[in-house]
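The chains carry the letters A, B, C, D, E and F, assigned in the order they are written, with residues numbered from 1 in each.
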Amino acid sequence: MSWANHLIILPILFPMATAAAMIPIDERNRTLKGVLSFVSTLVLFAATIILLGIAASEATTGGTYVYQLGNWPAPFGIVLVLDRLSALMLVLSTVLGLAAQVYAMARWHTAGYHFHSLFQLLLAGLNGAFLTGDLFNLFVFFEMMLAASYGLLLHGSGPLRVKAGLHYIAVNLAASSLFLIGVSLIYGAAGTLNIADLSVRITTLGPESRMLMESGAALLGIAFLVKAGMWPLGFWLPTAYSAATPPVAAIFAILTKVGFYVILRLSMLLFGHEAGTSTGFGQTLLLCGGLLTIAFGAIGVLASQAMGRLAGYSVLVSSGTLLAAIGLGNSAVIGGALFYLVSSTLTICAFFLLIELVERGRDAGADVLAVTMEAYGDMDEDEEEKEVGVAVPGTLAVLGLCFCICAILMSGLPPLSGFLAKFAMLHELFNENGFGGNLPIRAAQWAFVALLILSGLSAMIAMNRIGIRTFWTSLEGTIPRVFLIEITPVLLLLLTTIFLSLQAGSAMRYMDATANALANPKNYTDRVLSAPRVRPAGGD
Amino acid sequence: MSHLTDLPLWAAIPVCLLLLAGSIVTLIGSIGLLRLKSFYSRLHAPTLGASAGVIMICLASMLCFAVLQNRWIFHEVLIIVFIILTTPVTLMLLGQSALYRDRIEEKDGVPRKTTPDLPTPETETP
Amino acid sequence: MELVLSIGIGVLTASGVWLLFRPRTYQVIIGLSLLSYAVNLFIFGMGRLRVNAPPVLEPGGTGGLLTHTDPIPQALVLTAIVIGFAMTSLFLVVLLASRGFTGTDHVDGRE
Amino acid sequence: MTELFIIWSILGSQIILGLAMGCALFRMVKGPRAQDRILGLDALYINGMLLLLTFGIRTANTIYFESALIIALLGFVSSIAFSKFLMRGEVIE
Amino acid sequence: MRYWFPYPLLSFALMVFWLLINQSLSIAQILLGAALGISHAWLMVNLRPSKTHTKKAWLVARLAGQVTVDVARSNLAVMRAILRSKRRPVRSGFIAIDITLRDENSIALLACILTATPGTAWIEFDSQTRVLLLHVLDIENGPTWADLIRTHYEAPLKELFE
Amino acid sequence: MLLILSLAPFAGSLAAIFLPSDKGTAAAWFSGAVALLCQLLVAGLYPLVASGGVLRYDLQWLPELGLNITLRMDGFAWMFASIITAIGLLVVVYARYYMSASDPVPRFFSMFLAFMGAMLGIVLSGNIIQLAVFWELTSITSFLLIGYWHHNAQARDGARMALTITGTGGLCMFVGLILMGHIVGSYDLDAVLSSGNVIREHPLYTTVLILILLGALTKSAQFPFHFWLPHAMAAPTPVSAYLHSATLVKAGVFLLIRLWPVLAGTDAWFWIVGCAGLTTLLLGAYFAIFQQDLKGLLAYSTISHLGLITVLLSLGSPLAAVAAIFHTMNHATFKASLFMAAGIIDHETGTRDMRKLSGLFRYMPFTATLAMVASAAMAGVPLLNGFLSKEMFFAEAIETHRYNILDTITPYVATLASMFAVTYSLRFIYSVFFGPPPKDLPKIPHEPPHWMRAPIEFLVLACLVVGVIPAFTIGPFLHAAVQSVLGDSTPVYSLAVWHGWNLPLAMSLVALIGGVVLFLLMKSYLATSIEGPPFFRRLEGQRIFERVLVTLSWKWARWLERTASSRRLQPQMRILVFIAFVAGTLPLLLQGFKPSAMALRSVDPAFALLWIIGIICAVGAAYQAKFHRLAALVLLGGAGLVTCITFVWLSAPDLAVTQLLVEIVTTVLILLGLRWLPKRIEDPNDPELMNFPVRLRRLRDLALALACGVGMMLVSYTMMTRNIPDTISSYFLERAYSEGGGTNVVNVILVDFRGFDTLGEIAVLCIVALTVFSLLRRFRPATESLEKPEQQKIQNAFDDDHPDRKKGDSIAEYLLIPSVIMRWMFPVIGMLTAFLFFRGHDLPGGGFAAGIAMSIAFILQYMAGGTRWVEERLRIHPLRWMSIGLLVAMATGLGSWLFGYPFLTSHMQYANLPLIGKIPLATAILFDLGVFSLVLGATVLILIALAHQSVRAPRAQVKAARMAGKETP
């Protein structure tokens, strides 16, 4: 095996190793930990970019690469599968990770212990969930990601976070039980855990086994929908996300997307065209749920007074949109939805990071700061807060600009990627059978369109209201002290979205190819199931 | 892997008797747990199972496997030893904590602290 | 066998779920534990029930499903037990922290 | 004949042990003191261990021995924790 | 020597334990068991348990026999007590005994024996007055319990370890 | 060229924002230069479009979706572009003098240029989606411009309203445009324009029409969306002059004209556009009369004029379209100049209230003259450009296009509105420039600097010239524009001033005279009246808008949010379980699932007995969990034991071992936590228990729980009684020994076949341990549980009371004997650990079980001796163990890389040692060692972190006492 093959597993192992190595380092060396962690994420970023390049280049494999762990062939051992979708998600998660990482190094990593280790483990869990091709292994990585997210949500402690964390954990633990029940039902009915193998076997199942398997799949789906925050399963989300420390909330922006990712992957692989009577299983539910989630999220966005909750609800809007896009059962829309995923994730991440910077200046007694103060006050052995950067002159203008861009992105106003994403989805929605087709448009499609627009509208109104209140009414307020390394990740994230908008053409090509590959899982299953084992050099 | 049916009759009889006897002793102990009136009396009940019951059943097991596998198997001894070593710990701690609580509540029939050598009989009154 | 075990699973599930709906954190943690027993047994049951056919091979031999029970659910349950243990302890600590911060053991942090 | 004899007597002793466990359970449920419950649990553990041993004989397989050994060796730990909690109000000081 | 083998008895016992549990007498297991026994004894050094020496190890057998007999006897007695009809319940109660044993480990062993024997339960031991409080299920023949304990167990233990 | 033209303003905008805020003049000159450059570029392009030519520039953006940057300029676009750039240039010049020196002007000019760029983008778009892009950009930039003086509440509200309304309209239009693209099959403007018939006959036509009109009408401030415009007057006057004369509001008109060939000519178009236009025309004019604010008057007049253009477009006749285009240009010129004049007045007097202003003619004669000419053009006085287009309007109004009531009333409405126009124009002039000299003005008025007046002069000149000799001045440009819109259907029209005595002229005269009379009648009333027209005063658009917005986005949204969600955990759990239940059973029910028949197949009575016990334990635990926590925990232990025995019974010794060990640790753990929970004592008279709704709720919960239980039971029973499918596990059973090197298949799966799962699983454990550790470092127990438990207090008190006892003697005594045994158990458990570890690969056991067992050994020591006692003696570094464990496990996996195998490929071989013989050496053992170390570390860390709280609590207690002391004084 060449080094490039091993690269596939790097996104899981590397952060894990970094985390492990950082555990015994004394907490007083936070800067060292931060730097280590940063370097690790940076390496990871480079690796994922290379992986993206590998997946994007068609070469001989149609973009699918298989890594057999322990050198056991596919349906038996665990395999990691890199394809366009997983490569995309990997890049996204590391980009977010990088941003949050840098941001946290300014001050937030001092609010508790082992921030960086947990953070790296979260990345490992995320990447594992994206890469794995095995249902139970997915559970393990899901739990890893969840466990790390519990830890990070509780990072900094304080009543708000603990309360939110309690709900978050309780709900997700219940969901994990569902996950297990679902996986075992599927195993009991189909006798395999490998997703590709399942998608092959599902065609040959008898009616009884099939319904049991579907029941299992439905339970699995509920577990993922909880993660994705579908209404009415996602009430914990806004509270939890707004209670988390900013860098944590920022990286959480991708957690809901994991739910989406898995649902997408499973529904495409298991219930695609070739699944016999199971084709399109659960789509109606996804569609309705997605639409309701958008509506609920939009209402929540309107109703939020604090920016944190607003951002939390926009997470819901974004995941509702994605779920509904799957539910529409149109693979072309999924291309647009993937674009939307990237754009909205980056946006929300940037927004979460921005919120705290903005609110920092508003009022010395802002609750977020109070939490930090309390955190500092309680430390027995903590050092003084260090000046990591210089306060940027004209901070407010920069913050305002960032806020503006966020608002534009979130409400889907042109010309940035939020708009393009919505456009792409709507375009594909209306032109299901080729551009200029003359098909009647279904009620579901109208509902999707209407909600998409209305959610954008509500975001616009709410952001407008909050923006005016923050930037235009309180000029006399103190100018927030913002470190350079705090604003830089925000700016970089926003620049990424701008870059995405400019490069929309090639980005969309990638997304469309991804959606196409998902719609035709044959290549995927063939690749996974027929991947050869490694033979020793001398022959065995 | 051997089967239980391979056990010759001469071995089967003691094995079965030991088993039944052990389990009956244990059951009686547990009935004691059920029937005895005061906590301190109940404290004695499980020791039946923990001593005679364990010993007999372990002997049965040893005999059975020794015959079946044609070699001496001793490792059940470990169970006997450990049960005899560890059960008392629990019982001591439990008894002591019950005593302590009774003293606080100043129940009758409970010896005060530091009263050497004076038997304080306590009668179970129905 | 199957009937007994499935009734057991049903009762464990019902008790666990009932406790999940209760307002006290302690009830929830007990409920989660019961639920995890139920789930573990459920997973285990997916490999079908076999008496005295442990998936342990004779040295040098191979096995099959005729002579041995299905090992995969067992491996899954093992992982699930570990993760369940981890999560229980995490939840416990969080509920303690919540109790510390809010002064109550209600799941919502207020009566 | 031997077969039947063995099987029935093992089954009998298992049922007896099961009943013994039931008695212990009664104490666990009924109380009245917390100490009683713990005592019941301890008895339940011991009886359960015996049940495992008889099961080992029944299947003529020594592979289940470890579970019994672990109960014998470590089963008391949780009982100790319980009693210490009762006595001192906390398990580790 | 002391340094390398801090608790030879313990190490030996552990090795026996190892061999028993592995059901094997192969050289490999003996070596491994010895190594583990010694290394665990080193671990034990850190816990600093009080040391007990014995010169008359053979007395252990006698004690064990005595205990076995007593256990059997008291098992029967307790069974009778339990199964006795409800109308004539046993009289049970506490008795307190002075203990002259000094060694911590032998007191512990005594406690184990007493509690493991059905019918008597070790309840409390006052380290200052050195008074042992026992609970006895059937106290009918009260004072003999104290004698029994002194002669059957305390004396042999004393002989064994002190 | 086109690219430069469309990029220049944006580039300029970017550059301007980086100018320091005190470099106002430089910024002005800079943006003037940019505007001039654009103007010159536009002018230079004229020859190319004059003869009906179309300039195109294509740039790929999203080619797959048909979205490209297409810049396209035809005559019509040219006309608009030149208006935009020309008036832009003039406004820049004007703003240079208007804006105060203390304002951070670069920001202003930056936004201004951006807005100009967006506007140019609209008119130059050759792709309808691109048009929507720039459309929203104008909304955004205009929002920023209107809110420029954001310290002013009115500016904020105005800006917000403008954005909300135009943004909403824009989004609707966006959908409409996508739909249009769907119908046409292309987003290219040329393609769209050439498929008018297809669109008009498509079933989606009405939808498209309504959506697009929503965009256009909101932007053009047509009724009922007009109300944002007057409030946008809070912007600096140059902004108003630019936005509301030539650009922003004209964008709507532009779109209507642009798509006129495609959409117009149907009944729906006629009704919607006509109604909106007529109402706006009339209402706008009527409202304008009663404004007291100069800019308010102009704003409503703008609305009215836009209505006029809309009406023209609604008619659907080519001639009307010509008139509309013509009036668009005319309106831009005179309205821009009027706004600027109003700005000068405001600037020089400090007020715009017409009740305060009067007789300014003597202070600023030049300005007054200019304003008078401009407002005469607005009123439609002959020889000015306004007159020409108004005449065309009248001519069209009396034509019959469709036979319906709307068409019939059009001429009357037109005349009436025109009359009102005369009235408000007169009023503007009269009340500002004539009458007695003003009193109480904030400033003493005088003529503005010359260059501030120059733009007005230029524009008024244009009005005049066009009004007098239209055919020679505006004619060719208009023709180019008209032709590019109407193409072949371009009608013959004449731009003469004098068409002879005809009906339109009569209507004009009626309007003029009527307007004057009306003004005279109302003069005295208007001089003192309060703001706003009679009858409609209460019907303030803004207030309605605000109320609707507040109700919608605030009250309703919050109510909905509260109703549709819950922040409480219990409802969330119920919903989750309910949905999971439904989701799990639905596929079964829908497909006619029949559970296997219940049969007492070979039920072992002992097993049944066992489970009776298990069930009682479970139910008991559920029942006792509220008030008897300890009992619940005990019963939970019972259930765990039954589970464990079940595992043994059903051939899973590994599971039994692990379950048992975990069980023990969990119990200790929960007991450790129990100390920090509040006491809860059952109160049989608790009124809550008697409560009927409470009971009902419980009943519901119970029903749901039972349903879940039954569901699980049926499904598991069915599954267990079915034949096992062809599973992958036979592979493992066959190869566990030959390829995995172990006889315990489960363990081989865990460390080899599916070792990656195990790696993940120990990572989870590691994470949880870290989380617990860091959370507990910040742990603060509730104040009432800070104190030592009651038992300890009493025992310590007892020790204190007796002089012969030391503190802590009680505990020492209590543990005296037990601790001896517990201590000696330490190496024994250690041996057991080693045993479990070594045999794991072949028989039940393994790294995990060993790790937990070892941690139990440690915890036993903690229980026996207490935290301090143990930590004085043993070196406990769980963090280090965890780290090492994880690293070892990973390094083992990585080892296979060296041999060219994938991660975690295990390797096994037999080593021949002297004396001992062959022993198996598998890398899996090493991996298991990592697992062991990590599990040990993590478990010990969790337990110890919790145990340490008891040590820390006294410290916290002291701290809390100190805090309380601080608070009271």
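Simple rule for what comes next: contacts are C-beta pairs under 8 Å (C-beta built on N, C-alpha and C of every residue); 3 or more make two chains touch, one makes a residue touch a chain.
The chain lineup, named per UniProt: A, B, E, F = Cation:proton antiporter; C = Na+/H+ antiporter subunit C; D = K+/H+ antiporter subunit F.
All figures in this text were calculated on a predicted structure; none of them were measured in a lab.
> Provide the labels of all chains in contact with chain C and in contact with chain F.
Common neighbours, chain C/chain F: A, D.
> Once you count every C-beta pair in contact for both, which comes out on top, A-C or C-D?
A-C
> Per-chain Cα mean versus the mean over all protein Cα atoms: which chain has them closest together?
If one averages C-alpha positions chain by chain, the most central is A.
> On a CA-centroid basis, which chain has its centre farthest from chain F's?
E
> Which whole number of Å gives the spacing of the CA centres of chain A and chain D?
48
> Let me have the rounded angstrom distance from the C-alpha centre of chain B over to the C-alpha centre of chain E, please.
Chain B and chain E have C-alpha centres separated by 15 Å.
> Please compute the C-alpha centroid of chain D, do the same for chain E, then give the distance between them in whole Å.
22
> Take the average of all CA coordinates in chain D, do the same for chain F, and state the distance between these two points in whole angstrom.
60
> List, in ascending order, every residue of chain E touching at least 2 other chains.
Chain E, residues with two or more chain partners: 17, 21, 23, 111-112, 122, 124, 126.
> List, in ascending order, every residue of chain B touching at least 2 other chains.
1, 29, 31, 43, 45, 50, 73, 75, 78, 82, 85-89, 91-93, 96, 100, 113
> Which positions in chain C touch two or more other chains at once?
Expected reply: 20, 25, 28, 42, 45-47, 51-52, 54, 56, 58, 72, 79, 83, 86-87, 90, 94-95, 97, 101, 107-108.
> For each chain, which other chains does it touch, given as pairs?
Every touching chain pair, ordered by label, is A-C, A-F, B-D, B-E, B-F, C-D, C-F, D-F, E-F.
> In the complex of these two chains, what residues of chain F are touching chain E?
804-805, 809, 812-813, 816-817, 820-821, 823-824, 826-828, 830-832, 834-835, 838-839, 861, 873-875, 913, 915-917, 919
> Which chain F residues qualify as touching chain A in the complex?
60-67, 129, 132-137, 139-140, 143, 147, 150-151, 156, 159-160, 163-164, 167-168, 171-172, 174-175, 178-179, 181-186, 202-204, 549, 552-554, 557-558, 560-561, 564-567, 569, 571-573, 575-577, 579-580, 583-588, 591, 593, 712, 715, 718-719, 722, 724-729, 731-732, 752-757, 759-761, 763-764, 766-768, 770-771, 773-775, 777-778, 780, 877, 879-880, 882-883, 886-887, 890, 893-894, 896-897, 899-906
> Which part of chain C faces chain A closely enough to touch in the complex?
Residues of chain C touching chain A: 20, 25, 28, 32, 35-36, 39, 42-43, 45-47, 72-73, 76, 79-80, 83, 86-87, 90-91, 94-95, 97-98, 101-102, 107-109.
> Please name which positions on chain D make contact with chain C in the complex.
Touch list, chain D to chain C: 59, 61, 63.
> In their complex, what parts of chain B are in touch with chain E?
Those in contact with chain E are residues 25, 28-29, 31-32, 35-38, 40-41, 43-45, 47-48, 50-52, 55, 73-75, 77-78, 84-85, 87-88, 91-92, 95-96, 99, 109-111, 113-124, 126.
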